[in-house]
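Here subunit A shows up in two complexes: once beside subunit B, once beside subunit C.
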Partner chain A sequence: MVASPPVSKSNPVAKSLVSGILSAVGCVALAFLVQYISGQFLSSYANGLVFQAATFVTLAVSLNIVNGITGQFSIGHYAFFQIGAYTTGALSLLFWKKFQGAANVPMQEDIWIVLMMFFGIITSAFAGWIVGLPSLRLRGDYLAIVTLGFGEIIRISAENFTFMGGATGTKIAPEKTVVWLAWLLAFAAIGLSRNLLKSVHGLAFLSVREDEIAATAMGVNITRTKVAAFVIGSAFAGAAGVLYAHQQTFISPDLFKMDGSFIVLTMVIFGGTGSITGSALAGASLFYLPEALRELPPVPFASLVGIVLGLIATIGALKRYSDQSHAKTSVKAATMIGIIVVGIVFMAILGKLLSFVPSISAHAPIQGSQLRLVVFAVTLIVLMLFRPQGVFAHHEFSWKWLRSVLARVLPKQKEGLSS
Partner chain B sequence: MSQLVLDKATIKFGGLTAVNQVCFELEQGMIFGLIGPNGAGKTTCFNLITGLYKPTSGSITFDGHDLSQYPTYQIAALGISRTFQNIRLFGSLTVLENVMLGTYLRKESSLASALLHGGRSIGDTSRKREFATNLLNVLGLGDLLHVRSRDLPYGKQRRVEIARAMATNPKLLLLDEPAAGMNPQEKVALMEDVKRLRNEFGKTILVIEHDMKFVMNLCEQIVVLDHGEEIARGLPAEVKANPKVIAAYLGE
Partner chain C sequence: MVLHGLFLGLPLAALDIRTLPQQIVNGLLNGSIYALIALGYTMVYGILKLINFAHGEVFMLGAYTSLFVSWAFGFTPNATVEPQTQVWYLLVMIVASMTVSGLAGVLIERFAYRPLRNQPRIASLITAIGMSMLLQYGGQLFLPNSPPPNIDAMINPYRGNVNITLVKSNENLVAAMKSAEQTKLTADSAWDAQKKLEENSFYPSAKGQALQDAAQKADRDYIEAQGKYNNSGVSILMPVGRIITTVVTFILMGVLSYLILFTKRGRAMRAVSHDFDSAALMGINVNSIVTFTFILGSTLAGAAAMMDATLYQPGLQINTFFGLLPGVKAFVAAVIGGIGNVPGAVVGGLLMGVIESLVGWAGYTSWQDAAAFVVLIVVLLVRPNGLFGSTAAEKV
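For the complex of A and B:
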């Protein structure tokens, strides 16, 4: 009515085909390059970390489709991850030996795992569809509880699944850390999310997040959109689960405890809900936190309590100061550093004092690995206080964005210097 | 034949009958006004027509379709679009994205194509972007394309909402207090634009508005509600002179 369709000069179909093929080839090449470098030059432990980074990028980016882009607060993402792992677990137990005997081809294990990814995607996408259905009626907290419950149901069912070893778990064959597939999957999750956001369909997903009533009044089928988000998100989680199972070589329900879902959720919120690159970068970096904590020496319980209490006080003081002070940036920064120093001293003193309390000093020291949830919780609290929109907010990381941020920050500093 | 027919449409919320046995018909291509005091049930009528509420009794028919059979998003597809009294833009999306969403109903590519960045989706999206840009230019919003809609002043937000509703290419456009929060110049401009939407694009328009000057100058036919019931109907001059309307709403 208002506009007649434009006559585009270049053929978009041909152009997209070329760019699509080029980027696909590029991603495959890059994925193999990562595998080559990581396999050749890194220890097998570090190679495992390279693999896990990709896994968590996939998990965070795919949860971002549900939570960030469509605005459905799901906190059971690990359930789909587990479904993928258990799908390949069961199928591999039954058929891997036969396949190995029958098809003697190069990269036999990789081919099997690709095949398993296909099945993992089907089962987890189906589960995503099932979970997506109640989300049509439930909002916010209620949906969160349903997804949480679903995660627990899956985990507890697995505990009773004797074929897969029940609560003890089972060994998985073939054992293989397929770095290239893990990264290719991560690239695919990023690419598909980005493609979605570039289309009118993507706007429909976003509109559900922004205002369901307006979205439905504009003709968006809310039901279909939410379910689609769940299906896409869980399909990726399932595929990642397949790879993860073969990398772990032994899967048990313990691997998929609820805190995993929280960690992935933290990544999405940390990166900035809705930001694909934010989720990806948060996934690739935060996954290492639990690993790093494992290296930590045991902390006496008194010191830990001192640190936590001191941290709360310091964060509170920082928040209060940054909200109320109108001082110059340089003064503000200096004061905040001062607050942090005082906070650390306070933690040390508090820890020392508490060690004189008999019931506290009698407590066994806390292992670093027990701290992972504490650390993620503190990260989330700090984020909610100082940057509730996440590090990248809804922005995507790009050089243009970086320039615009720098442009905003740099003149401010100049002002600070000249005055 | 009338485009939209409300036949004894009624909705009750617990003990409250918000819309009571309301009957009116809208002819294709006319500009109608729906007025009445606060709480009269005007917005509730819009919610009934767009299917956000289903009538307790009575029926609403659009182009021969019984609307009670359709969910809201399909009613939009039948050709009814609206704006909201308490603006409901997609706040963190840009003006252009808001209006592009309006074209979602006429998408010509699948979700799969969108995910794979297929040629169909690319072409479709670029056509829709072009369409939305043109529409925004027509409505004088061409310089705000990339502004986040939440950051716009009130009057502009109302205009963007109209643009978004227009982007669905509706046959019937429902405007809920479009002039609220606008200054006098903006109101004049808005009135001209609403007339153009009818004159140039042949839309049927139903407007809720409290600004009497605006309503009387714009509308060709007016329905007056009070306490959920229709108390008058007719030409602006007739309605203005109706003693019931004066008592219930206009005063003096």
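For the complex of A and C:
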């Protein structure tokens, strides 16, 4: 029929296979490199932070599969995380000592944790399947509420789970911060999301997000797609939970409160719903931000009040300006930066003035760690006011994208065409 | 059995049918508070199609306001002289609480929700979550919360109980109780006399020991007989504070119904809830109606907060998460009744209270909070529009 395709020197299948293998090897190498560097040069506390950053990247990227790519608004992601942690908790309590005693060669901690990840994935994926089912009937805010409720049910069940110490929690056996495994998991989540989006199945996920009815008309099985998204997302969260449990060693329902889900949600929304690189970068940076706040010296109360008032005024002014101005992008950006500078000066002056008010200056200074969740809340609100689609929106981070953004924002040259 | 072994928190309690009426009444009284909060959720949802997550925090702010007012009246934790309470103190508290809550609701709507009205609904929902977190954790910086303060129970002048007897206690048991009492009194007096004799010795003598044991046994027997007598009847005990709460709740609901059904503004509200855009085209000032809705819902939450912390559960500790659970349960109540439906919210709230106290009655006290969510999921799956909601398919 058709003439044979032009003979290319390299076989595309073989080429993709080679690049796939190469990137897999690269990821493993990178994961071990991170482990080596953080183990050699960082304190054990900082090493733990490197580990937890990977956990949050995994959580954010896996929630992005549900929230961003498939468009099912889930706000109970910590439930799956908790299921993973409690699976390994229960199994380790039951069997870890026995394995240690029985075998001639004591079981390696790493191997045990990998094994537990396997079980954690099974249980949390099953939970994801159960939560995915109602998503067939509900959408938008109703689904959000159901996922939130599911998360709380899981947490309250854990509080009644006396085998694991109930509300107090329990200590579980092998204590190990497996940095390489955590980062490998994060890379796996990123890689899987990326490959998913390149495949036909990924297009089905996207079509469900954009328009369910049109997707059905095109022959996409909505049921399967939605449930698959929940299962994949929760499986990664469960695996991350296993690693987290072995790093924390003391697990209790308090670790998995509702706020955790909101933090992960903030990460996904900040990065841009649907953007894999966005969620990964937001996961790492938003995880680090509150940790950096801990290092801050205590803030005098007067300055804090000044900052709050100044922040409200600045945000209001910015919002008003960005809504009403029709200037060029570059002018607009410059003005907004100007408003922010004025706002910061205003905050400083206000803080200084307020410190003369006796009742305010008498208040105890505020520790940086107290601001941890406040930062997330403010991030969420400011983001929604100014850029509801997130920093990266639906785009992926790439140099090409960055260049195109810069070209739009920076003043154009004469030869440049106006957009 | 395996499950039962793992979750030892689950006693398969013997259900005591005699305490059931008390539990149902408790549930109804409790549910009236939920109903009051649920009205705020349901009205806002009816108008803006927005789940106002920050509603629980508005409730929390109301509780703090009444705390500060009670401190202003001298009921501070380290007051040396216990001040005398007046009925109008309560009135000032509830009015202040309603005012502050209403103001908070309006401010939240104006600065967090209104700028996003043209965005997708999810954007407002996320802002609402952010607002809720901001008030919970930001409030910790500004409001007194460690150790958690509480409103002095003494500010409530109504501290009595109302006891309603449904089934009279068994009279045959009275005699047994009386005789047990007699035995107890004689044993006690004998032991007292012996105690006087042995005042100086550290250890009681053999005779004294026997008398002491006998007195203790008679004590136990008497308490047992008394319990038997009391349990043979069915009665309902209601603290007056709770009754007042419920009465005030229903008065407020009546006022709300009047406002919605018989005033011009209420008619405008119903129109906006029916069709936002058409109402705007008909010359209704939509923004002022939305503000009015937030005022109504938030003032009701403020009233509920004051009554919950002062009259209903006097001495309840207040922290910035005070509104979290009541808020969530009230939301479930609104969903049960069909969100957007005002009478539905009231029925849903009462139902929610009863369900919760029945779960406690069955012995699953530690699962009470989970029950709300289970009910929520079941209702959403079986009847997403609630008991009274109209079934309208979401159009493309």
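In the analysis below, the second predicted complex is superposed on the first by the 323 of 419 C-alpha atoms of A that agree within 3 Å, B and C clash if a C-alpha of one lies under 4 Å from a C-alpha of the other, contacts with A are read in each partner's own complex, and residues count from 1 in each chain.
In the analysis below, contacts are C-beta pairs under 8 Å (C-beta built on N, C-alpha and C of every residue); 3 or more make two chains touch, one makes a residue touch a chain.
Quantities reported herein were computed from a predicted structural model and do not represent experimental measurements.
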{"item": "First (subunit B), second (subunit C), both or neither touched by A:P358", "value": "neither"}
{"item": "Partner chain in contact with A:I213 - subunit B first, subunit C second, else both or neither", "value": "both"}
{"item": "Contacts of A:P297 with subunit B and subunit C, given as first, second, both or neither", "value": "neither"}
{"item": "Subunit B versus subunit C as contact partner of A:L380, first or second or both or neither", "value": "second"}
{"item": "Partner chain in contact with A:G202 - subunit B first, subunit C second, else both or neither", "value": "first"}
{"item": "First (subunit B), second (subunit C), both or neither touched by A:I366", "value": "second"}
{"item": "Partner chain(s) touched by A:I232 [first = subunit B, second = subunit C, both, neither]", "value": "first"}
{"item": "Touched partner set for A:S157, first subunit B, second subunit C, both or neither", "value": "second"}
{"item": "Set of subunit A residues, in rising order, touched by both subunit B and subunit C", "value": "213"}
{"item": "Contacting residues of subunit B [partner subunit A, same complex]", "value": "50, 52, 71-73, 76-77, 81-82, 84, 88-93, 97, 100-105, 107, 109, 111, 114-128, 130-131, 133-135, 138, 164-166, 168-169, 201"}
{"item": "Subunit B-touching residues of subunit A, taken from the complex the two chains share", "value": "1-3, 5-6, 8, 11-17, 19-20, 191-192, 195-196, 198-204, 206-207, 210-211, 213-222, 228, 232, 394"}
{"item": "Interfacial residue positions of subunit A with respect to subunit C in the complex", "value": "73, 75, 134, 137-142, 144-146, 149-150, 152-153, 156-157, 159-163, 166, 213, 259, 262, 265-266, 269, 304, 308, 312, 316, 319, 323, 366, 370-374, 376-381, 384-385, 388"}
{"item": "Of subunit C, residues touching subunit A in the complex", "value": "6-10, 50-51, 111-112, 115-116, 119-127, 129-131, 133-134, 136-138, 140-141, 328, 331, 335, 366-367, 369-370, 372-374, 376-377, 380-381, 384, 394, 396"}
